[in-house]
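You will see two complexes here that share chain A, one where it goes with chain B and one where it goes with chain C.
Up next, the complex of A and B:
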């Protein structure tokens, strides 16, 4: 679909098409038109996502009825796909917050793309509940031999409500914060669209933004609110990720004690969330008619951050690996063999390939970084890597056998997914895609007020014989 | 006499800024004038008054309440069920930290949302004076003043190039 909005492009030579300058007065009606329309390709994507989601529901019910929630083993792949979806969709809203903090102009077209993942945060709460049911109780119901009476857990001394209430509150808090960010950011756009929207959208926009007139006071509070909530979201996200990976991976493997895994999980979530956002933006630009809003600059700028995150992930992986490699205890050797080099070796190698080698090999090349397709391609590889990481980690953690054992005395065999696991995995991906596609028809994929604001501060100017981007920094 | 709003609509932001200057010269207090825009303009672009905010107070109070709840909950649990773990004191900070941090964050987030709602004077049930052309890039200059001054305000709007003037 071609863009119907008039716009200019800026940049020459290898910077051609790097920047785009949409006409301010056309942005709101054009983006509203794209949001309210339903092209056939979009319907097809919705249909596929719906079918996958249905497969997931079928797989879930069969798994629940055949295996129940008495033992965590059968839920390893459910935990893996939940973790992958949470890893990507949980960190995605942070991308908008982070680049707003740094006042980067190139972030403007990606703000809403990233914030819309907040809606998936609400769905994540419900997807998380079965994991709580499948988690072994902290107190050992049947102490035998050298087994521990109380399972190793993050909830030392087990405060009231631990682990269920506090675990669920983590996800509720995260969803509340990300939804508040999305609401606050989308209020001006909903207010602009309330006059042209019809039906359900009109009621929704009026209900959520009826008070917005765009006064100075309102803009100031919106700006301050977004900054505060963005900071809190960052502080809460890394905490929830720490709780999740510690409780649902490390605590499940007897004697697995590692301070590198939580930060590695967080770095991977940043890498995969940025990757997903780049892929969505590439699709919007290539097939969605948004080329008038998304130049190559966001891909170019984000690619450097993606390269940095890729290297950072590898550093963490090496730190993790080498600590256990030189560990002299039998349990340390067993954990290394279990999670890395024996039953899941092939998955680990594929994880390395897609999380590090492929993105690194692509992103070191300047021409690829400056293209609109290079960074999303590297991002796609990083997403595959993140998917494999989660499958390997959680399938292994949930299938260690005796979770109350003093230490891992043997290397358990790999547990590969059965047909219902595959259904559940496809369903997890389908639900996430379905929720996002529906969200993008509810709220515009472009943050209209931010792109309009950008037109005040950016233009092409000449210096001697060259044409260059001129940026204003009002703060 | 009753105070009522009057809205001048400008298709050029510079003209709206001139109207702000004109209103000041005509003796309209700055606190009675608001600029309605479809996008945030930089501070002082219309020569308007500074709008300080107190939003940061809300998360601060929320965080304090959340932290206090977390400390009370964990310490009361540990006192009620005194289990010595790893030879550490019954009341030790590391096991309390997780719950305290979560309580602090939840309190801060909740109170920030409440703060935004309160400071933005929500919910506002009665629609104010507005024109949908503001969403297309026009700038609205909203003056909330006594009716006797409306002719003066309209005169300023006319001199500075308002494309439309609306009254309630």
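Up next, the complex of A and C:
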């Protein structure tokens, strides 16, 4: 679909189409038009997402009625897909916050794409509840008064409500914070749209942004609020990810004591969130008519970050691997064999291929990084890798056997997904897609005020005989 | 408005070559004092070699003490060069320009100083040969290449070589300026070093490509060095609290934290010593302060992971190490001091823009970080070794001797002296980088405001 906005592009030669400069006065009506329209392709995507979500609900109910929540084993793949969705959607809003903090102008078209994932944070709370039900209790119900009474856990002295109340509070806090970021960021856009919107949207925009008049004081408060919320969300997200991966993966495997796992999980979440944002932007640019707002520059700049995150994830994995491998302790060797190199070897190798080798091989090439399709392709690979990482880790952790053993004395067999697991996995992906697609019809996928602001700070300028991008950076 | 005056090429040359073409009055007295400190340290080393390691506080099971702590500390400082130079160059951060050379040179000298420490630590420096050559040709006993203690010198020497190359490549255009500003022997030496540099388009292109390539290639080396140093500890399963998977990233981030703080402090000193107010401006120190907030917070996260998972295993011998760190005098005091000085004091100061731009406060914050980071390495090494074997035949504490204090103190004098001597013959702020930055500066009019802007070379 061609963009209806008249715009200019900057750059020559291999920079052609690198920067776009939309006309300020056309941005709001054009983006609103795109947000409120419902093309047939969009309807098809909604339909597919809905069908997948229904499959997931069916799979979930059959799993719950046939296996119950008494043992964690059958819920391994549910945990895997939940973790994958949480990993991507939890970290996605942070992408906008991080690049807003560093005052990177190229982030402007991707800000709202990233913040819209915040709505999934609310859905994640409900998807998380079955995991709490399936998790084995910290205290071993069959043993009393011995060392094995309590399995290894983060909740050292098992405070009141641990782990259920605290875990759920973590996810609620995260959802509230991310929604606050989305709301604060979208207020100026909603205020502008409340004059033209009708029906439900008009009521929603009035309710959420009725107080906004765009005074200087309001703008200052909005920017300071976004910075503070972003910093708080960053810390909260890392804390919740640490709790989640430790509670639902590490502590399920006897003696799995791995201090680099939470950072590795966090790095992978940043990698996969950025990948997902790049894919959404590619789709918007290619089929959504947003090429007037999304030049190649965001892909190019984000690709360097993606390459860095890919290398960082691999480095963390290597740090874990080499320490366990070199230590030659039997229990660590068993964990290494179980989670990585024996029953789940194929998945591990595929995970490495997609999380490291493919993105790395693609992103080291400048021409690919400069294209609009190279970084999303690398991102797609990284997402497949993250998916496999979660499946392997959680399927293994939930099917260890006796979670209360002091150490893993043997290597359990792999447990592969059955048909209901596959339904659940597809459903997890479907629900996430459905929620996002619906959200994109409530709020514009382009942060109008940020793109407008960007037009003031970026322009093409002449230096000596060449034409270059000029970037203004106000303090 | 842009910060700082707009300077002509002539002014840049005059100001930045001042350290080379005019010797300040304080220069030689300071170098002499530093040299005396080094002489005293050399005597201390001599006595130690003569009498053996018994003159130090090292014992069984605490076989690693101040020397190895200091080794890790200086390796950490050396990470600033690549962090600032390579990463910021690749990220095209404009504020990097005046800081890169000092950071790279600090890398070189701190690496050299770090390498001295294990040699001193052997007590019999000639034993260093055993790392390379067999103990006895007839028996065929070779060094164990599977130990990180052998990987260490390989990684450090690779880092030293690549860092030297990195500095040398960046110096070529400045050598040419020096060649054109000197006479006699100095002119001839700088002519050789400038390698025929004329500043034509082809030479500039090659120089930039070489800089970018070296930046990219040096990054894995940079990460590998401190990772391998961390594995000196992490691979040792016998010492509880050392066998931790997070050690590699924890050490690397910690190294960047201490290294960048050291560079910030060095820049403030250079500004003060040579009057480079127009080059090392408050905005540069401010940017370093902002970067340090992120680095420090990342480091603090890894610290929490390291401690938390140390206790998570609920193993008695590891808990004993933590108990030593947290509750036994004087380690509990050192631990509290370490956490406060490394994170809470500096980050609290850096959060304020006004304080980031106050050079005195920035100096205090940067020194505070490095005091803390030195203690960090000490608190990793010594409490772990004290509790190495629960039933060890000697349950000894570690009390460093005067010899260790002298030798450790002299390493700071050594690095300072080397930096000063370097500044006497080579420019510590890259002339061409500063000039390039000035060319790329511009301003954009937005409404009634003039906003600083830059041309992007991309």
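Things to note:
Going forward, the second predicted complex is superposed on the first by the 471 of 475 C-alpha atoms of A that agree within 3 Å, B and C clash if a C-alpha of one lies under 4 Å from a C-alpha of the other, contacts with A are read in each partner's own complex, and residues count from 1 in each chain.
Keep in mind that, in the parts below, a contact is a pair of C-beta atoms (placed from the backbone, for glycine too) under 8 Å apart; a residue touches a chain by one contact, two chains touch by 3 or more.
Every value quoted in this text rests on a predicted model; they were computed, and no experiment measured them.
Shared-chain residue A:65: touches no atom of chain B or chain C. When the shared chain is aligned, chain C comes close enough to touch A:322, but chain B does not.
When the two complexes are overlaid on their common chain A, residue A:263 makes contact with chain C while staying clear of chain B. Applying the stated contact rule after C-alpha superposition, one finds that A:40 touches neither chain B nor chain C.
Touch criterion not met for A:198: it reaches neither chain B nor chain C. In the superposed pair of complexes, A:156 makes contact with chain B and with chain C alike.
Residue contacts after overlaying the shared chain place A:474 against chain B and chain C alike.
When both complexes are overlaid on chain A, the residue A:456 reaches chain B and chain C alike. Shared interface residues of chain A (contacting chain B in one complex, chain C in the other): 154, 156, 456, 474. Looking at the complex, you find that chain A touches chain C at residues 15, 18, 152, 154, 156, 238, 242, 246, 255, 257-263, 304, 315-316, 319-320, 322-324, 326-329, 456-457, 459, 461, 463, 468-474. Here chain C touches chain A in the complex through residues 90-91, 223, 227, 231, 234-235, 237, 243-249, 301-302, 305-306, 308-314, 439-440, 442-444, 446, 449, 451-458, going by the rule given at the top.
Chain B makes touch with chain A in their complex at residues 34-43, 48, 51, 53, 55-56, 59, 73-74, 76-78, 81, 83, 85, 94-96, 98-99, 101-102, 105-106, 108-110, 112-113, 115-116, 119-124, 127-128, 130, 132, 134-137, 140, 142. Contact residues of chain A toward chain B in the complex are 24-25, 28-29, 154-162, 166, 169-170, 173, 176-177, 180, 184, 188, 191-192, 195, 210-211, 213-225, 228-229, 232, 235-236, 239, 243, 449-450, 452-453, 456, 474-475.
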